[in-house]
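What follows is a group of structures, each given as structure tokens.
Two complexes are shown next, each including chain A; its partner changes from chain B in the first to chain C in the second.
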Partner chain A sequence: MRFVWIAALKDLRILRREPFSVATWVGIPLCIGMLIQLIFGGGGAHPQGVLLVADQDRTIASRFLTNAFGSEELGRMIKVETVDAKTGRERIDRGDGSALLVIPSGLQDAFLKNQPCRLELFKNAGQQILPNIIEQSLRVMVDGAFYLQRVASNELRSLNATGSGTDAEVARNAVEMRHLSRDLSGYFSPPLIAVETIAEQEPGNRLTVGDRFFPNLIFLSLLLMANGLSTEIWKERLFGTLRRVAVSPAPVAAFLAGRVLMVALAYSMVAVVSLVVAKYLASVAVPNMLIAAAWAAVSGTVFYLLLLPMAVTSPGQRFADVRGNLLVFPLAMLGGCFFPFDVLPDWMVRIGRWTPNGMAVIQFQNLLRGTADWRHGAAVLAALLLLGMLAFWLSVRRLKGEFLR
Partner chain B sequence: MIEVDQLRKSFGDLTAVDGVSFTARKGEIFGLLGPNGAGKTTTIGCISGLLTPTAGHVRVMGHDAVSDGPAARECLGVAPQEVALYEDISAIENLSFWGGTQRMRNPRLKQRIQEVLEITGLQDRAREPVKRFSGGMKRRLNLACAIIHTPQGLLLDEPTVGVDPQSRVRLLELVRSQAQSGACVLYTTHYMEEAETLCDRLAIMDHGRIIAAGTLAELRSMLAERDLLRLSGVFPQPAARAAIEHADGIEIVQADEALLILSVVEASRHLPAIFAALANAGADVRGTTLTQPSLESLFIKLTGKELRE
Partner chain C sequence: MNIRFGDAWFLTRQDVSHLMRNRETLLWTFLMPVVFFYFLGQLKYYDSSDRADPLAVSASPDAGFLADELTSRLQSLGYAIEHPPPNDFPKFSRRLQIPAGFTASILAGNPMKVRFTRRGDDSSADYDRVRIDRAVYTLLADLIAIRRAGGDVTPGRFRELAAAPRTLTLDVKTAGHRLVPPSGYEQSVPGTMVMFTLTVLFTAGAVSLTMERKAGILRRLAYTPISRGSIVLGKWGARMSLGSIQIVAALICGRLLFHVDWGPNLPMVLVLMLAYGSLVATLAMMMGNFGRSIPQVIGLGVTASNLLAGLGGCWWPVEVTPLWAQKLAIFLPTGWTMHAMHQLVNFNAPPAVAVPEIIVSLVLALAAGWVVARKFRFE
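And then the complex of A and B:
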């Protein structure tokens, strides 16, 4: 056991002198993740435009119209700014704003008297989507006003005529409006048809881009790192240090175990850094930071062990590199490390979920999404550890024999 | 004591070592001399436990190298032919690791690291990464790692290859001091001068066999004061060989169309007769070299080739 630590310490000292490789291991997935975040946005953000409103009417109706743009979903996309008509035109002409709505004086009167009135909307030609959304929303509002006029023309007219009428007139209008509302409610909410809408909650729908991509990108990094680290055993052979260990009283198995310990420590470091960055810079949900980091470290170490027999059975380091890449890239693709399983075709998912990295990344995603099944996770962990131990045994056999010659 | 008894090691059809036997005693430097491919490194590999002998036995300080491998390896320090160091870490870190592989612990390990750094003259550069070292410094550190645990047996496989003269002198002094302190040193080389100045006893290997063994004086006596005469030119065969093979005091070491090597008693006296006989056989001698009796001439006499071939 002491020699395991001695060997690990030596490897850590070597690693300490190569900070660039550690930075690369951590940096690659994070850079890719950040790029995806930048390209696709954070998942919860909406495009935001500015609607300039020149309200020349300044009545309840015009404010109602203006406020309609600032409410609910529309309000998240469109910020309303009140301007005068001249300033509004100038700003739209220089591309500052998505659209300018000019509400003319007399809008409320015209609406109540059922007379025509002209709203003007100037769109920013430099923008494609938001001005059209504003235009369509305005059309819907105008249509709504039209239908209100059709069904309640008498009430609206009387409301306009009474102006500052007597208490009796106001009360009569109020009663008429209430009756109207009751009559219309039969159309808006038919009492005979009860519709119960049950929206099935789909966790994926609430995920940000970071939530979707970071787990697989971290595992892509772990796989690539495993490939690089596994072929480093060739350095030991080429520099003659492995032979030298073999002629010392220290067992080769302990030497390799020390290397595995160093790999596990390196993976732990990479996992913690990746998860911290993912959580605090990319807003990825990481509910169980320590468990997730431990899972990533164990998975990475197993990947290393699985690739090690391939490296030590290769006739040369270059061959080992090529062979490792030929295996790692299809595995990464199948096992949901390039792209998440959510976006892969079914046939690929069916195969990929049985690959070692596929099994590991699914559990990792479940950990991050808070949907981990601990019993299943334990079974996957046992399977991975078993595979890892088998690979370790094969590697030691090879290191003691043919690999030394 | 390192005892090798009828050692044989084959790799498939190739027999690299074939029935080698010798004993290297405590406090002596035993040289294994031979050209590249003679089987020296394979012999060292079998002694160090890196290779399993096909037949024969190796005992290191009384421990069988195969059945009692770990105990045998604990008694040995090995400096491989190629420098085997971690170049990214410092000399101290290398020594600490290799000492650890020999079950050394602090504070003894720390103390010994300082000692070997001083012996090898590396104390000033001890904390630098080894990759910044010169070839000679790396060789010295390579040897330092082999002696860090003060082994009873030391296997040095061509430790001075590619080393500058200054480092070579230092290395040879280091090897001598190890023997003087009681270690049994097995030293392989193809540098004849090194073997002559350093080794107490020698075995000359070729094609996996020991073709001569003994002290330097014993080996020289095998030459019987014969000179080695090397003639280059054109030598029609078999006429050239036939012209001289029955002459008194002359032994043919090698004879082909372009080169003739003869072992001759009092060569200066026989030279006119040799030239005359060769001329009669149609030979054209273009170059002549006469070598006084030495280990090299013995080697050439025994193997028919030069050591550095």
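And then the complex of A and C:
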């Protein structure tokens, strides 16, 4: 056991002399996580764009049309910018803006007289979401105009003629309007048909972007670190350490166990640092720091063990690096370490859930969201440990034999 | 500064041949971009909005014809309506529950509430809210219009109203030359190509210079009759060549494997990417020149390339980011390159539109190159 400690201490000292390697493995995913948090803030990813409006009518009706985009919901996504039609067309043709709305002159007049009038909307084909939202919002307004014509055509016509009407006509119009408003209030207060929208999340609290991305990115750093650490074994061979161990009374398994211990300690530190960053800088919910960090450390150590047989069966460190990258990146993609499972296609999720990192990251997410099923977690842990032990045994066999030659 | 192009060319050839023998460089230059093209193109994030979105509807048998009216409106708003059995209903990420007695209650003047449940709060959630609201509001408005016109409320009256001529209309057209928004690979390949040029040059390109300095190769070069200017140009040429090879490979691969339409201005896209590559190659030289150790250069290179890629709009459609991020992107090499490429590829803009971005990239490359040449460290 003493030898295991000595070996672990030696490896920790080596690791301490290369802080940039550890900083890179951990720093990249955390950097990406912070970037995502910075850009998308604490909420979901809401699109933001510009609606160019060429208002050639400049009346109450045309202003009413564009004011709809100043509501709290739409105003959060769409900023309205007034332009002349020519400039607007040039801008939207080169993709500057989400859409251009051209309101022709005579809109209000046509609306009050129930005469044809055509609004033009030019959508930016380079965008997927905002132009459609703008179109649907405008269609609501256009529908509204149609319904207003249906239910209050007389009132609208008289409103148009009010300027030239007698006092009696004005008074009659006002009364008609009052009656209309009273009739409609029966439909709108409260609304006869209402929509209750529920944004359903995984059980637990509302998930922020940080909640969705950080657990995955922490596991991406664990994988990258496992790849980097596993190929370091070649340095031991290069410097002759392994040969010296082989001729000493200490078993090679103890030497490797020391290395695994160092890896576990390094992972524990990385896990704590990552979780602290996630919790305090990205507001990720971490209900139980200790258990989450322990899970990440155990998972990382198993990833290291799983990559080790591949490193020791490679013809050299560079070859091992290439092989490791070839395995780690597709695994990270499939296993939900680059992007959360909910944005992956279904076939990828079906495979990814059964990869070692996929199984581990799901449990990690459950721990952070407070939805962990302990029995299932224990089964995953047992499977991971079993795989790790098998990989350890294979690596020791290789280290004792072919690898030394 | 004394530069002999023959010497520089000799160094470039030697360096390129050395870099291309390195397995890691080959992996990250040719294989990994393809893996990322494929993976990112598969994400739902980049999915096209043309396809109807599945919406599970649960309505009791006595919900009545207003429930049918509502679902047919939702169908016309781009939803694929499904009526799954109760056990499968919760599996759908978009679900609409119409309460029992829906039609009867509304016709009797009793308010009713439909429940729309949506799993997740991604960027298309807002579009869902707008569509659902529109379907419900128009149903209510139709009802009011029918009631005020007098007579019974029947499905036939709704059909009549739908067929009624509308004086105010909205004519929707697509701006520019493109008809459908880019999605899937057309969205992922250009961004990934820009990102990988950065990643490869900032890592392999930068660290190889540091390694040469550590190994004493640069010191030995300093003793040769090759001038400082020729050495710097030769080293830059090697990195530029590596970047160019990768760019050309990505353009070909994007077209052949992923059917990306690079538009009618492919030569200008190539010139734009080469100008960007020249700037990135110079910045990589800077990084390799000023970096103290190999891990430091790798760490800095990978972090910088990821940050520039993320902020420059290589990872996600730029419209989903806040306006400040969209504005910031314009001031980053990745951002202005993506912007010009977007113009050329998605809007079929004339080649001249990318000239400002190309000039900025080349001027900055020259300025950074001048700094590297002045401060080039042989040891």
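Please note the rule applied: the second predicted complex is superposed on the first by the 243 of 405 C-alpha atoms of A that agree within 3 Å, B and C clash if a C-alpha of one lies under 4 Å from a C-alpha of the other, contacts with A are read in each partner's own complex, and residues count from 1 in each chain.
The criterion applied here is as follows: contacts are C-beta pairs under 8 Å (C-beta built on N, C-alpha and C of every residue); 3 or more make two chains touch, one makes a residue touch a chain.
As the structure is a computational prediction, the values presented were derived from the model and not from experiment.
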Inset, instruction - For A:L138, select first, second, both or neither according to whether it touches chain B, chain C, the two together, or no partner. - result: second
Inset, instruction - Check the residue A:E18 against both partner chains and state whether it touches chain B (first), chain C (second), both, or neither. - result: both
Inset, instruction - Check the residue A:G126 against both partner chains and state whether it touches chain B (first), chain C (second), both, or neither. - result: second
Legend entry - Partner chain(s) touched by A:P315 [first = chain B, second = chain C, both, neither]: neither
Inset, instruction - Check the contacts made with chain A and report whether chain B or chain C touches more of its residues. - result: C
Inset, instruction - State whether A:V245 touches chain B only (first), chain C only (second), both chains, or neither. - result: first
Inset, instruction - Would you check which partner chain A:L344 touches, where first means chain B only, second means chain C only, and both and neither mean what they say? - result: second
Inset, instruction - Would you mind listing the overlap between the chain B footprint and the chain C footprint on chain A? - result: 18
Legend entry - Touch list for chain B against partner chain A, complex: 48-50, 70, 73-74, 76, 78, 80, 82-89, 93, 97-98, 100-103, 129, 145
Legend entry - Residue numbers on chain C that touch chain A, as the complex places them: 22-24, 27, 31-32, 35, 39, 42-45, 48-49, 77, 106, 109, 111-127, 129-134, 136-145, 148-149, 161, 164, 166-176, 178-183, 293, 295-296, 298-299, 302-303, 306-307, 310-311, 316-317, 319-323, 325-326, 342-343, 346-347, 349, 353
Inset, instruction - Mind listing the chain A positions that touch chain C in their complex? - result: 18-21, 23-24, 27-28, 31-32, 35-36, 39-41, 43-50, 73, 77, 79, 89, 92-95, 98-100, 107, 110-111, 114-133, 135-140, 142-147, 149-151, 183-184, 186-187, 190-201, 206-207, 318-319, 321-322, 325-326, 329-330, 333, 338-339, 342-345, 348
Legend entry - chain A residues within the chain B interface of the complex: 2-3, 6-7, 9-10, 13-14, 17-18, 239-241, 243-250, 404
